[in-house]
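Have a look at the structure that comes next, please.
Order of writing sets the labels: A, B, C and D. Residues in every chain begin at 1.
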Amino acid sequence: MAQRDQTQQETAAPPTLGIGMVGYAFMGAAHSQGWRTAGHVFDLPMRPALAAVCGRDRAAVEAAAGRHGWAAAETDWRALIARDDVHLVDICTPGDSHAEIAVAALEAGKHVLCEKPLANTVAEAEAMAAAARRAAARGRSAFVGFNYRRVPALAHARRLIGDGRLGALRHVRAVYLQDWLTDPASPLTWRLDKDRAGSGALGDLGAHVVDLAQYLAGEPLVAVSALTETFVRERPRPAGPSGGLGGGAAAGGTGPVTVDDAAAFTGRLASGALASFEVTRMAAGRKNALRLEINGERGSLAFDLERLNELSFHDHTEPAATAGFRRVLVTEPEHPYLEAWWPPGHTLGYEHTFVHQARDVVCAIAGGTPDVPTFADGLQVQRVLAAVEESAAKNSVLTPVTL
Amino acid sequence: MAQRDQTQQETAAPPTLGIGMVGYAFMGAAHSQGWRTAGHVFDLPMRPALAAVCGRDRAAVEAAAGRHGWAAAETDWRALIARDDVHLVDICTPGDSHAEIAVAALEAGKHVLCEKPLANTVAEAEAMAAAARRAAARGRSAFVGFNYRRVPALAHARRLIGDGRLGALRHVRAVYLQDWLTDPASPLTWRLDKDRAGSGALGDLGAHVVDLAQYLAGEPLVAVSALTETFVRERPRPAGPSGGLGGGAAAGGTGPVTVDDAAAFTGRLASGALASFEVTRMAAGRKNALRLEINGERGSLAFDLERLNELSFHDHTEPAATAGFRRVLVTEPEHPYLEAWWPPGHTLGYEHTFVHQARDVVCAIAGGTPDVPTFADGLQVQRVLAAVEESAAKNSVLTPVTL
Amino acid sequence: MAQRDQTQQETAAPPTLGIGMVGYAFMGAAHSQGWRTAGHVFDLPMRPALAAVCGRDRAAVEAAAGRHGWAAAETDWRALIARDDVHLVDICTPGDSHAEIAVAALEAGKHVLCEKPLANTVAEAEAMAAAARRAAARGRSAFVGFNYRRVPALAHARRLIGDGRLGALRHVRAVYLQDWLTDPASPLTWRLDKDRAGSGALGDLGAHVVDLAQYLAGEPLVAVSALTETFVRERPRPAGPSGGLGGGAAAGGTGPVTVDDAAAFTGRLASGALASFEVTRMAAGRKNALRLEINGERGSLAFDLERLNELSFHDHTEPAATAGFRRVLVTEPEHPYLEAWWPPGHTLGYEHTFVHQARDVVCAIAGGTPDVPTFADGLQVQRVLAAVEESAAKNSVLTPVTL
Amino acid sequence: MAQRDQTQQETAAPPTLGIGMVGYAFMGAAHSQGWRTAGHVFDLPMRPALAAVCGRDRAAVEAAAGRHGWAAAETDWRALIARDDVHLVDICTPGDSHAEIAVAALEAGKHVLCEKPLANTVAEAEAMAAAARRAAARGRSAFVGFNYRRVPALAHARRLIGDGRLGALRHVRAVYLQDWLTDPASPLTWRLDKDRAGSGALGDLGAHVVDLAQYLAGEPLVAVSALTETFVRERPRPAGPSGGLGGGAAAGGTGPVTVDDAAAFTGRLASGALASFEVTRMAAGRKNALRLEINGERGSLAFDLERLNELSFHDHTEPAATAGFRRVLVTEPEHPYLEAWWPPGHTLGYEHTFVHQARDVVCAIAGGTPDVPTFADGLQVQRVLAAVEESAAKNSVLTPVTL
């Protein structure tokens, strides 16, 4: 293996960017890994410091702080925001608390990174975007965690499309298939509660594919037609409390599922390209199958998150005798983010998207211009999801996406 | 390799089933191969004889007869139908002539096999189905050429679903992606003329995936919501005449494309399962990508026509540690049609679907009960396609499929 | 679908090439399909006629003649050779009878096509090659049935290598994995009897991969080092007679396996490229996995017979950011043999190699120059296999291949 | 996504295990990531502390310490060993310094983790193993860095084989294909210098596949037959110094490659199973293709490092109609190491092997019994590699592996 050149001198220590994270369950663990690692891999203009983590249960949040490397623990997110050593608030809670925490943090002069979906309603997302605009005037940034944009293969796909390698786009098709609700006995967690989660597969998985479709195509969806479905309408209540801010249903009996299990929708992009989407948590055997394909007049791209180091690329300008989808192993130094990692062929995983997100957020705050999605992007995706729900409620009629 | 046991005695020669085929272009060539080969591979209760082929151009049809092994050539389909040595009329022409030929053949006491889509309109298909019902009373059969049901992997999939291996169905998703219209300079053939072809990708490709989805699921679509699109609305007229009955556009200039290039539609099956479909001739790099996936509570199946010897099967009842989609190479004697072919691992191709179709049609006529789709099936698919077009014309509103 | 142009006039009927086939089990069925079909697909300079088939059992061979479309049946191969309507003798028997039949047929002035491996010993193969040289002087040809050269993807691979797309070759690796002997209770057929079959996996599977490696590389193996193994040394004798000339072990008890179950060998090609091979009938789950990969300084190719319509091609001169193995679906009119078949994306199967073989043999006899392997090629492969066995017997020492 | 349960209380802080690392190039960066991360993911009985890193160039090693999170930097490995805060010495240098450092560290009472291959010669490896035995008596451990044993899919494969799911083994085949030397203009680094690296692809890649083959099979290779090759015998000297201890060739001109570019070898395992191996740095398009397949009487396993989250498993006891290689996505909590990571379907990458290695080493030192390879294992692999070289030097004769 070619050795990495380690000879560059590091001179003056970069300034610190103190992070305060709210929530420490799955997303919190992933974000922690991102903040801990980014500075060891990338040359960053600021050094992220894991200042404090926040959760409601004192013992649990202290344990999480120890586990994930946070210097302090808080049990009140307002106290977290108030800390001087916190410069960026990272919101990893369920969607029902995003707006309140984000707006308060921005008003307190903090930068914010908020998990997707940005909010549970368009109204909340609009309020957040408005707060972000006000904060921008004071030099504060507000980002939304569409981490899959930082999968190197997808960042590379965006480059290829931006370079015109696909020509005029004809089709975008995307599915995001999981199977953890296949079993009707799977418990009723907060993710199945509309009040907490906003929606089901649509907000959790649909937000990702809608964002990616628009990001890769470089243009918005203008209208959608949708079907949604809840196949299993009652599920057993879970026995114990769940972690962090996510938690705490009472045990025993069954309760109603108030979100969608699945959604299938079609749409048109601004250019006239056709789009089709399907998201579900009941595709037995599909664990994390976010699959995208984009067809253009000059070529096509395909991707599967379960094989996230690979991008399939078909160059339609090649002679037919040797044309075909290429399996590009996106591990070359020429590929986005890869120069900082391992030699060609040495693959990355899911969590690297959070390392890349940490890098991009730090660079953006330090004045660079990486392509980091903002609250405005989160709001626009929220509007697409709202149009999906509206169409599903109106017999699938093609429904425009609010500009 | 295990040797095939050839020792069975063949005693009295089976009776002859004289075939008369109308049209001899792509489908005609494929059907010829099916009729020629079936009796050499399967033990058939009747011997198909390639009695006569019909086309409008005398020299061309005689050449085709020689090439494809037909004993005689006719230039008038009415003359073909009138021949005593023709017992079954095989219709391989564009859709605008299906109804007239099929009804006449049935009324003349012939069996009929008609290529899909059954007709260009529901009204035509209804007339054909009515003629088929009348003919059935006289012991004549009318089949529609949904040849992909005879891909062994798909016939096997049907068995697995019929056996309950997938449990309650949740999702059916199917795409049929081709790319031969990607180039805007691709010529304006009869397939792009609504008067000849009825519709574009929808009738050509959509008929297949709608039929397969319903066949595999064992239940009909009850409603659909659709978008259709014609991306390239003018194309150059082709220079020369095309073959068989398919032919003959004037040369030079451009003309309007009057059919869809692509269609995306969603729907519900009778059981409540969600279905999604996409068909297109503009997916650069996808040559014949008929891809199906069906997810149920107990398992899932996936298939790709470009790898037609393989069926992916996930058994969701297995322990998680060893569960996963299996690549079943559908070449075992236990698999449909395979006992008559080669040892395990020796693959079949596209044209074998026509050999299997010939076998099934012969067996059905001889009184057996293979699962051969009839004009009633073709009519039902036509109704789904009509509902797709109606929905697309009505702003994608969810449109019921006429029973 | 683009229509096939059927307008070419067929004028004077081409002369007939009468085929006489010896043996009618698996290979006989496959060859029959090839002879029956080639003239319906390709424009051939001579018309193959299925004149007569030969086997020892009168009733069985007559049944086979009826099934496979042969005009007559013989029970003595000498009688077959003597027939005036037989111009080419097609030998589909076990290896122990190849030499005698082939030499007699050539001396009788017939063309010969002989299944691989050419013979059970180098001495027999030498005698056959000598007879072929004598026959050539009289205008008779002698071909060996390396049918996999006619897989379109492999013929295409040969073209790409011949065109220099791989540059200097570094590696050839090939495996041919089957699993039908995995079960120790699998019966003792003639294929496990050294006297009948010559060798086991080595002759049956190794002959194919050795031929392909040399054919694709365009250069011979000059030395090999080998291990062979018989994992299961006793197997149950089969109950009944086997078909055609292949047959007839007594029932009951067990008997010794006298051929190899598997062989692993390495070698050097004339250019210095390294080669590695493995053949086995005990690779559970691998049904017909003939897998080849060739690496050169400018590119690589990979192939798997279980997906025989695909060729993987890596062009190492491409920019790294978009380089990768392409899945070329070898179904384009630009690909070998494909212009005569179906539109792009419509796949072929195993048996098409025999249709292509029939085409190539007919064209070669008619004076064309297709690239059909001769007895000289078969002899050379036999010498490689002999060197493998010699090396295995001599503690794997690197053993030169006789020129 | 199911939430991770974070409620376990962490009570008394675990003791510290101070790490001192020698070398900080590619392997050093990977090991650093492992040591930094393991404690944040797994519940460890000791807390690894990145005490000090060592390299010859003061400025460079200090920069590396900052980058990778080491508390101190040393320029003399003897000084590193002497530090009281170093309890384990992690050797990430080229092979020529392994023995000296490892023996000194063990004699100084430190635990040792040494990168593979253990040494450049069997004699060195024997000295190291002897030192390890002496150290063991004093409670010190000596591990070798066969990190690929900690790919979850491979650890899972070991379990399945250990549980008898494959039955009696018949075949082990393994290749490790890279392509970074394909270009003859690729520079002459220390990895191409026999004095520094010991051997080429053989030691670098072959050590991995030999270890894995034996580890998975649960039995040693007893004899090997080999070919090795250096295709490009002169390469340009690199311009600048390389990093860490790896460094420093003079610039300009060309120099001889003194190691192998590739090796192909076969062998026998103790049980009689056949093994075949190929390793190369000149397989254009293959970046990190460590591919393994193991066939047994009851099943088979296959793996590709470029898709390291997947294990292919064929259960040969299943009915043929539904049997086939399953793509097991090794991301379930039931899979090795996975309970500590993300929800199902969220994949890991290359570097996680080093996190797992850190975990296993810490647990082993703390008295647990994870399956961590020792210097004895490293010596045994060295003996296999020596037998490979001996066979290659002796005309490929089958050469026993010293016990």
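Going forward, a residue touches a chain if its C-beta (ideal position, glycine included) is under 8 Å from a C-beta of that chain, and two chains touch if they have at least 3 such contacts.
Labels paired with UniProt names: A, B, C, D = Gfo/Idh/MocA family oxidoreductase.
These figures come from a predicted structure and were not determined experimentally.
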Shortest walk length in steps over touching chains, chain B through to chain C
1
If you tally the C-beta contacts for B-D and for A-B, which one comes out higher?
A-B
Would you mind pulling out the distance in Å between where the CA atoms of chain A average out and where those of chain D do?
34
Taking each chain's centre as the mean of its CA atoms, how far is chain B from chain D in angstrom?
54
Roughly how many whole angstrom separate the Cα centroids of chain A and chain B?
42
Contacts with 2+ other chains: residues of chain A:
286, 323-325, 329, 344
Tell me, which parts of chain D touch chain A in their complex?
1-10, 24-26, 29-30, 32-33, 36-37, 40, 57, 59-60, 63-64, 66-69, 178, 180, 189, 191, 204, 241-244, 246, 286-289, 305-309, 329, 331, 342-352
Touching residues (chain side chain C, partner chain A) in the complex:
156, 160, 165, 313, 315, 319-329, 332-335, 344
Touching chain A in the complex: which residues of chain B?
166, 170-171, 173, 175, 177, 179, 182-184, 225-227, 229, 231, 262, 264-268, 272, 274-276, 278, 280, 282-286, 293, 295-300, 314, 316, 323-325, 391, 395-398
